[in-house]
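Shared chain: chain A. Partners: chain B in the first complex, chain C in the second.
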Partner chain A sequence: MEGFLPWQWCILWYAISLPVIIYGIIRIMKVADELPESKPLLAVSGAFIFILSSLKMPSVTGSCSHPTGNGLGAILFGPWITTVMAAIVLIFQALLLAHGGLTTLGANTFSMGIIGPIFAWLTYKGSIKLNLPISIAVFLAAFLGDIMTYVTTSFQLALAFPTPNLIAAASKFMLIFAYTQVPLGVAEGLLTIVVFENILKLKPDITEKLNLLIRKPTSTR
Partner chain B sequence: MNISTDFYAHHNKLNRIPPMVKLSWGILTMLFSLLSPSPIIPIIVAVVMSFIIVLIAGIPSRYYLKFISVPFTFGFLTLVLMALFFGVKPSSVGFYWFRVYLDGLHTGFLAFSRIIGGFTCLAFLSLTTPVNEIFKQLEKIKMPRIIIEIALLMYRMIFIFLEEASTMYNAQETRLGYNSIRSSIKSLGLLASNLFIRSWLQGERVYQAMETRCYNGEIPTMKIHETDNKWIILVIAFEITLIIGVYFTRTIKII
Partner chain C sequence: MEKRHIVMLIVVAFICIIPLLIYNGLGEEQGYFGGADDKASQLIEETGYKPWFEPLWEPPSGEIESLFFAVQAAIGALIIGYVFGYYKGQQKTS
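So, the complex of A and B:
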């Protein structure tokens, strides 16, 4: 929420998020150099994340619950590109729908664009390694990505308003989010399974292109 | 979901002011409202910005109130929750087992005033400056062109998506697709995956069409802007007044 975080925290979260965003931008520049047609695809996926995460549910205390869409983004593109996408999506949400805000952009990018996707991506990769069925891997990734986003947000809020102390404040914020976010996370997990399986079933070539998107820059190194 | 913000951003009376001026005005004012340790400056900012948006930029007040109502409600809920749960100094005011905390009320009110101050600045930006002009300004701070390009393509896609999504949603709803929780998840999943696939294909087609028409990463548009100087002076004067205001009100408490 605009204006909710004191300015010191805004600066801190910007400082933490910025290097990751810059790294993501470098990745995107490399990919776009090699495959110019990836640009519209990135744009489409970004717009898709925007639509998903605009389904805002009323929650309280200076933030709000909504599906993050970052599970899908992280599975499809890997965490770094998703970070840049999430940052752009958050700017659009602030400007178009008065969700989030510009001063809190750093903090929001950190929770929704960095921690969420990283956890989603690690969960996905880990579950695949453990030979779990792909639908369960996708569900866990989307669910955990979602939950971790809000755990991070709770800590961010608690760090800014540590009354009576950090842990107590964080658990209070988490409790408030939990009412809306756990069911929402489950719903997003299920939704992501359906989306993912449909994409695999109907347009398997998309995922091949996506694999190219992720692997190209690493193979040239 | 209805995005008429875009419409007003293109049709308002401040359209001819250079976007850089509007951008720096909005963001600087937002920063000073956030920096202020007293709730007075954020409230003054909220009043001044609302005045500019409705009376000078000519945004219909009904639309403006609707746009600002959601953040205001959140701000108010924050105030209530902070007062009831986040504090250590209980006051005599309360009901049942709830007690209003004095320090909670104080931080809550400060947060509330900063939220309304920040959001009116944000509303000023988004209702008077089109998104593509804002992103073009980012080029001046060395944002790589490719990112701006992707962002603007994304912006275009959002509107295409919304239209397709609402068509699909209506089609599903008339066929009882959202009858129960189970079918809702299935329908929403079908909608989302179809939307992804369709817009993916559309994205590829749009790009091919643009490539064949000499697209080189930029969509040139013509824009007539008034000369800068008087606006720049106005912005500087306003922000200096604001800094002085922040300094002199720093110890004043309302609640």
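So, the complex of A and C:
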């Protein structure tokens, strides 16, 4: 949606997102340095966002939209590293696909790379603390990461175009974005479970090193 | 692959198929299967707002656009397939 945010808002969202991207890059270098065996998983998390955000899926509302893929990275590496991955995908889509946009890059990074991943990360940690099964925790995290991305987009647009008022505008944009996103969020949750559980199966040792709070089977059952 | 994962993938396929069945026969002319972001853009333009910036470059046709979307998905799939295959191979030799 290139050019669809007034320039003042573009600058504001850039001002919030840029420091987070820089902090995320520092975190990535730190993780890659301290835990070199996590590098392939950094690549997988970024690649997952690449795939999911390229899949424009039809929804029961009759519109098409695409999932975000930000849940996997947020669960494995936390929200700040995921911010960088989301920004890379958003730049790819803005330059080559005229999708998203450069002026709106800050705003889109804020919704897809910051708020979505923060919700996904907190949901995962909270669900594990509540002793929910891992697959449920991953599903909820990925689902909310997706939904909250588009809820944030709706509010960002409502803030820029509060006609007749903020709440009415937000619910109008929510009707377009967030409802369309519900079945897509379910699909995203399921796909994230499949990828995440296969990582656990192939690399069980990495979960401890990344501090994923997964207790050993002997202590839970 | 575990059976429950295969079931999950089938559910994902159905999530995509169901809207295609519900709105079968309808197309973009009737306002279906367009992008949610296009709908939002329309809503904003109805308020009289004019976008102040154009994309630097736009795919010249739907074909080229789908090419880049496919490239994007292929890059992602290549990386995930490579890493998973690498892990699997490691597991077997250790």
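By our rule, the second predicted complex is superposed on the first by the 174 of 221 C-alpha atoms of A that agree within 3 Å, B and C clash if a C-alpha of one lies under 4 Å from a C-alpha of the other, contacts with A are read in each partner's own complex, and residues count from 1 in each chain.
Heads up, the rule we're going with is that contacts are C-beta pairs under 8 Å (C-beta built on N, C-alpha and C of every residue); 3 or more make two chains touch, one makes a residue touch a chain.
All figures in this text were calculated on a predicted structure; none of them were measured in a lab.
In the superposition on chain A, no contact is made by A:155 with either chain B or chain C.
Once the two complexes are laid over each other on the shared chain, residue contacts for A:202 go to chain B and to chain C alike.
In the superposed model, A:9 makes contact with neither chain B nor chain C. By the touch criterion stated above, A:77 is placed in contact with neither chain B nor chain C.
Contacts of A:164 after superposition: chain B is touched, whereas chain C is not reached. When both complexes are overlaid on chain A, the residue A:29 reaches chain B alone and has no touch with chain C. Once the two complexes are overlaid on the shared chain, A:93 sits against chain C while remaining clear of chain B.
When the two structures are aligned on the shared chain, A:119 is found in touch with neither chain B nor chain C. Comparing the two complexes, residues 1-4, 6-7, 40-41, 43-44, 46-48, 50-52, 54, 58, 60-62, 64, 89, 92, 94-98, 101-103, 161, 163, 172, 176, 187, 190-191, 193-195, 197-198, 202-203 of chain A contact chain B in one case and chain C in the other. Every residue of chain A that touches chain C in the complex is listed here, in rising order: 1-4, 6-7, 40-41, 43-44, 46-65, 89, 92-99, 101-103, 157, 161, 163, 172-173, 176-177, 180-181, 183-184, 186-187, 190-191, 193-195, 197-198, 202-203. Within the complex formed with chain A, the chain B residues making contact are 1, 3, 5-6, 27, 30-31, 33-35, 42, 67-68, 70-71, 73-75, 77-78, 81-82, 85-88, 103-104, 107, 111, 114-119, 121-123, 125-126, 131, 134, 144, 146-147, 149-151, 153-158, 160-162, 165, 185-186, 188-190, 192-197, 199-200, 202-204, 206-207. Residue ranges of chain C in contact with chain A, taken from their complex: 1-2, 5, 8-9, 11-12, 15-16, 18-20, 22-23, 26, 31-37, 39-41, 43-44, 47, 49, 51-59, 65, 68-70, 72-73, 75-80, 83-84, 86-88, 91. The touching residues of chain A, counted against chain B in their complex, run 1-4, 6-7, 10, 25, 28-29, 32, 37, 39-48, 50-52, 54, 58, 60-62, 64, 84, 88-89, 91-92, 94-98, 101-103, 161, 163-164, 169, 172, 176, 187, 190-191, 193-199, 202-203, 206.
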